[in-house]
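Both of the next two complexes hold subunit A, though its partner changes from subunit B to subunit C.
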Partner chain A sequence: MIDLLLSILRGLPATFGVTVSAFLIGAILAVPLVLMRRSRSILLRLVARIYVDILRGIPPIVWLFIIFFGIGNGFVTLSAFQAATLGLGLVSAAYLCEIYRGGFLALSKSQEEASIALGFTRLDTLRFVLAPQVVRVSIPGMATFLVSLLKDTTVASAIGVRDIMLYASQEAQAAGGGFMPFIMAALLYILLSIPVAYFSRRMDALMRRRVSK
Partner chain B sequence: MELLSNWIDWTPQLWKGLKVSLQLTSLALLFGLPLGLILALASSAKLRLLRYLSIAMVEIGRGAPALVVLQMVYYGLPSAGISVGAFTSGVIALALTTGAYTSEILRAGLNAVPHREVEAGQALGMTHADILRYVVIPQGVLYAVPALMGFAILIFQLTSLTFTIAIPELLARSYRVGAATYLYLDVLALAGLMYLAVTLPFGWLVAFAERRLSLHLK
Partner chain C sequence: MRLTDPDQIVRLKDINVRYSGFHAVKDVDLEIKRGEVIAIVGPSGAGKSTLLRTINMLETPHSGELSVGDFRFDVSKTLTAAELLKLRRATGMVFQSFNLFPHMTVERNISLPQMRVLGRSKAEADARTAQLLERVKLADKAHSYPSRLSGGQQQRIAIARALALDPQVMLFDEPTSALDPELGLEVLAVMRELARDGMTMIVVTHEIAFAAEVADRVIVMANGAIIEQGTPDAVIRNPTSERTRQFFRAILDRQ
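Then we have the complex of A and B:
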């Protein structure tokens, strides 16, 4: 039992690594994406919209296959870890872009109008008025997404990333079947998501007070 | 040009895979939605044991990654003396996931039914079961329809996980073509387009349903 747990825990660094790096890639890439989505130029809006729709419309595991077997097999060579991080990062950017966009929509229109009336440029409005609040409004959604991303990283095992899922699967195969490795893996994933969920609830209450209506 | 002619060659094979993916989706919904409704009702039951049990099931079902549930069913059931094929394992696992997720969606829908309607039912002397059946469930499920449709897209995407238990669905068949021809990128791109051909139009339908139903609620 302890042996089994220790064996599965070997996957923790990879699971953690893929989750955090993919989330960071997504969170950063989603910023230009959401600005394009809100841009005055139809072309930029369209490009961002197409990116979001395509990335969200195809299952993450297919993206990992496209990157790992399709692209990472030819002119560039990617390790399974790199391919998984990149693939899930690109997918995350699409989801996080929509979360940021929801944040913009949650702010009252009159704030933007007030900034214009005060002679703020568009950039200054964004930087000093909208963005700080969008970040606050978006945090709970981002935390919820982080939990679902953690669960989605299990698909990385399909291209050979040595994460919790892969070790659980290996243990089950070695033992000729059984529920136990997967029950442990499931509990581990749930355990990992509890701090994020708790943080999200705390931040939500805190941030709500720091957004003007 | 070569890409196009390859795509035309591969389409019949991938089309078969897409049909398997769609079958998995429909079966998961067929068994998972009633399970979700039962869990939703049980999570607000008067009996404490039933309530805690269903809440625990939902929390574990939603907290555990779908791939873990899938492999647990696939590797676990045979070792418990129940031998089912990969396809049945896939359906069972996806139906369990569907049940856990949709129970939350349905619960929100059921809670959206105004409480005064339940009270009105009680005042008319209806039994609890009748109030559920004729007042709460028909309206609550209707409120939940757009979110349920959104979930259907998710579960369709999740069918791609059954690649790992060797069900010949869309991804598995594309991978097989890729392994035979070494044209992974070309065939996976076609598979991606096929996924999009389902998820995008259905997504528009969800947006339409959301608008229509929110009109009705106003």
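Then we have the complex of A and C:
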């Protein structure tokens, strides 16, 4: 039992690594993406829109295969970990872009109007007035997405990333079936997701206390 | 090109604003002198707010000429970002819904625009902020967040925020309409004091008593046009047009 747990725990760094790296890539890449989505230029809006629609439309596992066996074998060599991180990061950017966009839509138009009337530049309006408020309203959505991303990283095992799922499958095969390894994997994923949910609730409560109407 | 009369600070000439299929402001001409207090009244949908918002180009007119301070713009051409910035620095605006920044303290609400728009240092900006908070009698609220304040207090903060940028003219868009009568009074008191200090003010309002007492000139709008203007006495007590008479009767009968 302990042996089994220790064996599966070897996958923790990869699961954790893919989740955090992909989330960071997505969170950063989603910023220019959402600005394009809100741009005055039709072309920029269209490009961002197409990106979001495509990346959300492809199942993550298909997308990882494309990156790992397609791009990974062609121009550059990518390790399984790199391919999984990049692939899921690009998908995350699409989802997080939409979460940020929801945040912008939740803000009343009057905040932007007040900034314009004060003589703020567009950049200052974004930086000092809109972005801080968008971040605040986006936190719950981002946390929910992070938990779902954590679970989605299991597809990385399909291209050989040595994550919790991969070790659990190996143990199950070695034991000639049996579902204990998967139960253990399930518990591990739950344990990992609890702190995220807790942190998100704390942040949300904190922000609400400050700026509540 | 400068304004011909040095006393003149705002001039609108043949201003037209159209929304899709709706002519909101029709051929409006308006000249305002330095230090003058103008009250714009009229039924809702008359184009009062739209007209006010064209003065700092929050609303883009379809055609016409606009002069504020030393700047003169032909609004049928697209203004550059620099021109718009100049215009907005010359004007201060107070909105019906206050529009303070909810994630900043009162002090930062007033100081940040000074730092970003006028390039004042934090120390200079905060000093000016303290002085203005004193003036609107909210010095003790510097470190509160707007959500902790009453509507009347928020609106006084919003006035201080606009004044901090030393505008040449202040625009008020129904500043007391979102407030219950008592809270409205404290806002009107601040505005009255501002008028006494010689600030040029254009106020869209339903507060006829305030208009009668403080305004130098009352302008009545209906259907996108100015239908009557003059001293409060003349316009409110002896209106010439039937439409104006009907409007004031509706308001005065209520009180």
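Everything below uses one rule, namely that the second predicted complex is superposed on the first by the 208 of 213 C-alpha atoms of A that agree within 3 Å, B and C clash if a C-alpha of one lies under 4 Å from a C-alpha of the other, contacts with A are read in each partner's own complex, and residues count from 1 in each chain.
The rule is simple: a contact is a pair of C-beta atoms (placed from the backbone, for glycine too) under 8 Å apart; a residue touches a chain by one contact, two chains touch by 3 or more.
Source: prediction; values computed, not measured.
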Using the superposition on subunit A, tell me whether subunit B and subunit C clash or fit.
fit
Partner touching more residues of subunit A, whether subunit B or subunit C
B
Touch test for A:110: subunit B only (first), subunit C only (second), both, or neither?
second
Vertex subunit A; arms to subunit B and subunit C (CA centroids, nearest 10 degrees)
110
Applying the document's definition of touch, where does A:118 land relative to subunit B and subunit C: first, second, both, or neither?
second
Would you check which partner chain A:143 touches, where first means subunit B only, second means subunit C only, and both and neither mean what they say?
neither
By the touch definition at the top of the document, which applies to A:126: first (subunit B), second (subunit C), both, or neither?
neither
Look at A:90 in the shared chain and tell me whether it touches subunit B only, subunit C only, both, or neither; answer first, second, both or neither.
neither
Where does A:27 make contact in the superposed view: on subunit B (first), on subunit C (second), on both, or on neither?
neither
Looking at subunit B versus subunit C in the superposed three-chain picture, what is their shortest Cα distance in Å?
24
Quick check: in the complex, which residue numbers of subunit C touch subunit A?
56, 58, 81, 85, 88-89, 91-93, 95, 97, 99-103, 112-113, 116-117, 145, 147, 161-162, 165
Quick check: in the complex, which residue numbers of subunit A touch subunit C?
110-111, 113-114, 116-122, 124, 128-129, 132-133, 136, 210-213
Quick one: which bits of subunit A touch subunit B in the complex? Just the residue numbers, please.
53-54, 56-62, 65-66, 69-71, 73-74, 150-152, 154-155, 157-158, 165, 168-169, 172-173, 176-179, 182-183, 185-186, 189-190, 193
Flag every residue of subunit B that touches subunit A in the complex, lowest number first.
59-60, 63-69, 71-72, 75-76, 78-80, 157-158, 160-161, 163-164, 171, 174-175, 178, 184-185, 188-189, 191-192, 195-196, 199-200, 203
